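When the chains are written out, they are named A, B, C and D in that same order, and each has its own residue count from 1.
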Amino acid sequence: MSLDHTAKGVYAIAATPFHDDGRLDLDSLDRLTDFYAEAGATGITILGIMGEANKLEAEESLEIVRRVVTRSALPIVVGVSAPGLAAMRRLAGESMALGAAGVMIAPTPALRTDDQIRGYFDQAVEAVGRDIPWVLQDYPLTLSVVMSPGVVRDVIQANPSCVMLKHEDWPGLEKISALRRFQSEGSLRPVSILTGNGALFLDFEMERGADGAMTGYGFTDALADIVRLSAAGEREAAHDLFDAHLPLMRYEQQQGVGLAVRKYVLQKRGILTSAAQRKPGSVLSAPARAEVDYLLARVARHDPRAAL
Amino acid sequence: MSLDHTAKGVYAIAATPFHDDGRLDLDSLDRLTDFYAEAGATGITILGIMGEANKLEAEESLEIVRRVVTRSALPIVVGVSAPGLAAMRRLAGESMALGAAGVMIAPTPALRTDDQIRGYFDQAVEAVGRDIPWVLQDYPLTLSVVMSPGVVRDVIQANPSCVMLKHEDWPGLEKISALRRFQSEGSLRPVSILTGNGALFLDFEMERGADGAMTGYGFTDALADIVRLSAAGEREAAHDLFDAHLPLMRYEQQQGVGLAVRKYVLQKRGILTSAAQRKPGSVLSAPARAEVDYLLARVARHDPRAAL
Amino acid sequence: MSLDHTAKGVYAIAATPFHDDGRLDLDSLDRLTDFYAEAGATGITILGIMGEANKLEAEESLEIVRRVVTRSALPIVVGVSAPGLAAMRRLAGESMALGAAGVMIAPTPALRTDDQIRGYFDQAVEAVGRDIPWVLQDYPLTLSVVMSPGVVRDVIQANPSCVMLKHEDWPGLEKISALRRFQSEGSLRPVSILTGNGALFLDFEMERGADGAMTGYGFTDALADIVRLSAAGEREAAHDLFDAHLPLMRYEQQQGVGLAVRKYVLQKRGILTSAAQRKPGSVLSAPARAEVDYLLARVARHDPRAAL
Amino acid sequence: MSLDHTAKGVYAIAATPFHDDGRLDLDSLDRLTDFYAEAGATGITILGIMGEANKLEAEESLEIVRRVVTRSALPIVVGVSAPGLAAMRRLAGESMALGAAGVMIAPTPALRTDDQIRGYFDQAVEAVGRDIPWVLQDYPLTLSVVMSPGVVRDVIQANPSCVMLKHEDWPGLEKISALRRFQSEGSLRPVSILTGNGALFLDFEMERGADGAMTGYGFTDALADIVRLSAAGEREAAHDLFDAHLPLMRYEQQQGVGLAVRKYVLQKRGILTSAAQRKPGSVLSAPARAEVDYLLARVARHDPRAAL
């Protein structure tokens, strides 16, 4: 199964489950893998920023790839961003050999000019191999690399193996419109656009032309419904469901805190045994946990899946 | 009327109205000043980042101060942040002479260490005068200066004329709790905390101990109601109103786009003649205007003030 | 006298003299203006970053322009970079009316993409007036805006009134070569390139094709000699003089300390009455002053002008 | 052999030799290891930023550690900075097991406040083990983390296993003086201070109290002489030798270019077979190589070791 530009729906950004003592929790990883499929995800992205990828040793990363690829029938995308190209090439090659559908590459934070960005992806794609399907991650808030629509187009056009954009610029609605306009004008080939940013703008991102979401919000099932409703033209129903979840989505989308919220929610949903992050990680305070509980109760009035 | 640590409620961050050709629009400024009072604001903050302060010439800034101070019965806070202390001292002195209640000072973006931050505010307060009440603006996302709770406390304790914190760290809930804990422990004197960040976390900020909001969301009246309900302990009602506005608040809180949305909403409410920003500024695309219209219509189901 | 692309030699970046109490010291400014001419400068740049421009009030800035333009027979370039275009337009217009030869514009620090940089200069040049000759300042280390050679070319080609590049990228030798190559290929029109960075690479910058220096090193006379020798093909002599000054140049080129060193040297040369900076500014420690004295004594073995 | 606070002299920051095709060049590594000892280095630091550490696979890093530790009688410091603590712990543990004398840890680039910095080192030291001697790397220009002298003291005092500061703040002379003053006041325990920044301020750093240098300038032997002369109080001789090398040191100390210069010089000295960097890396242009050749010839007038 190989990733291509027709990808749609929801690619769940997977958390990496740990025991309280920091060891990998593979049983929870299995449950999480199953959950994403049952929730209606059309793909899973592992070893992303949210997956605490940079806290893992190389063998652990491969163990996660092997476990998820083996267990899931969904296409698996593996985040391979790394400070050096050697590590990137190795993880990409081994992941594809294990059955991954593609990899995801983010720009390295030091990049500034358009030339530097184009040059970096040329080198990165050469390193991982020009035949491996890959996702271009555009995430300025965390990576501090700003790619104009024109540069995104340049990178996609120069690299036929780039099949998807993980769009999480903020603000980003006009960027989606610009890219889709490039395509209708014929200057950009087809590419899948899945959006991130904790789904905080998913309602309008779909209406601007996104193909779905790639994010780690704890209610993958709700995201799948929003994407489905929006794609089916059921605008009011899509917005109603989106608005019901927005207070919790907004709470999750806090830099440095978001992952703790997500793991807490996934634990409450019975998927993760522990909400622990590997060090260095953040911990939810008692007031924060109470706030999430309160938000869940309010979401549950509209969406019974939040009644935990 | 002088600002002090007992300030509560909603301080509206005022937009600066321009004609389409970029000239100041003083008639709209008068309407805006009146609107804030009618909407239940307890104060007005002018010449902030959102007020396009750095696009104004010195005389224009003073004209705005004079106009608003003269017209309004509310306490007026004047943003005086500037690259140099001479300009800051001058605007602060002239504003206070014209009747402002206090000034607001942000850290200059180059600051990194705790010592640098403490040193900067010492110099800034010496420059504007140690008798002028001032608001400490804590806005890391835009200013790239990160102040720990301990440093905020240091700055407040070292400067008796600091009477308020404009809190817009993100995430910021734990910071409010930390500061209030400092106070209950006796290591921090009383200080007003009003929150920014487009009110995106106002629901829980109030519950963590904030005294209100200082932000420019187009529905000052709704913010005033949320603050009032929350302060009165009507938790469900506060959250219901907050949640109704959240989709629009979220849309406004987009870096670089937010001001265009706010001016568009204020124009639709009949307050601004033009939604124009002075150059360089952003302009709402037609799809973006349609999205705001749609959001207004949805908010209006819960809050008739949004039926425009 | 109007700045054009044939400018060569040394444009001195002028310090702004203050009395110990922070008032402008106009007598010292007169002496400094005279000194630059006697030292062989071919132009003077005032109100730059090193000129503490952002600590001045608007009237003071104009007073400095008037004083220097009136006194000097050299072309005067005025730094007009400001957070807002209104202030920039005003200072540029008034400076040209007073007799300045041109203005200097730096990119505003928030710019990231090539499109943003091109767009900013388009707006800035429209604001100051498309008929005013201007210098493009390229200073990534302090401004955090990185312009590729291609973008520098784009900005110059799109703006006929841009006649000079103040080059202070670091490293920057290849950039000079790239721009000169653009010109020999016919894709870039003639433009003067003067280099900054405290002259730390002036030896090779000249050999790569620079027309001279624009920097504030305290020995303008030595810079003028180095440029003259290098332009005349006297390579060894140019390097010998350069190397003799390099230990002191290197000492001056310390972020945040450099201006204090320069003012101290200019004071020792009898030009400035006080080495004071307006607040907030740095002060040389006693060991630092002794180090500069020691360096001067060592330079004086090769260049008697350093025997102070 | 274990690193402690009495370390003095020159710790060479080792380049990592590659063949032209990117494979590790272990023969050159052996020659380099021998060269450093012959040149008078008192220690060697491997896998630093300059060592292209982030381009290596985990096995390669260990191979380098094993090779150098086995071959050299000098204490070996291993750079273990990594995005995650798991990788850091593993490399540190394995390096010490192989016979390294200590490790070097830099702050992770996202750190801003003093609390964050102190907290990070607490976690990092816990991860690598509180019994492993380590070097605190203070390099704001590249890492964008600014540590005040007080924070450096806090980190050292809180972590008894910290035995050395690799000082490369810029400017940094006052920081050395401040730390030595802390020690004479009794608030800071003994710690070795070796300085970096390409030795660009080594002359005065020694006089301010540094114990030596830790940097990768191609003439380790000259650095050793400068440190020795300065420590012996032969001030003029130390400065004379320093000044002779400064034009080349300055040329090497160009961000992104410096490593290419160093490898080129080490190749010319007969130590490296190839000057290649592993991708992504920079390559010296023909004019740049000619400039280095010219600088070498000029240095050789004073120091025959540069006659290559």
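Everything below uses one rule, namely that a contact is a pair of C-beta atoms (placed from the backbone, for glycine too) under 8 Å apart; a residue touches a chain by one contact, two chains touch by 3 or more.
Because the structure is a prediction, the values reported are computed rather than measured.
Residues touching across the chain A and chain D pair largely coincide in numbering: over half of the numbers involved belong to both copies. Taking each chain's centre as the average of its CA atoms, chain A and chain D sit 38 Å apart. Chain C has its Cα centroid 47 Å from the Cα centroid of chain A.
Spacing of chain A relative to chain B, judged by their CA centroids, is 33 angstrom. Shared contact sites, meaning residues of chain C that touch two or more other chains, are absent. Taken as a graph of touching chains, this assembly is complete, with every chain in contact with every other. By the touch rule above, chain C contacts chain B in their complex via residues 52, 54-58, 60, 82-87, 90, 109, 119-120, 123, 127, 278-280.
Residues 112-116, 140, 146-148, 150-151 of chain B touch chain D in their complex. Of all the residues in chain B, the ones that touch chain A in their complex are 170-171, 173-174, 177, 200-201, 203-204, 207-208, 239, 242-243, 246-247, 250-251, 254-257, 285, 287-288, 291, 298.
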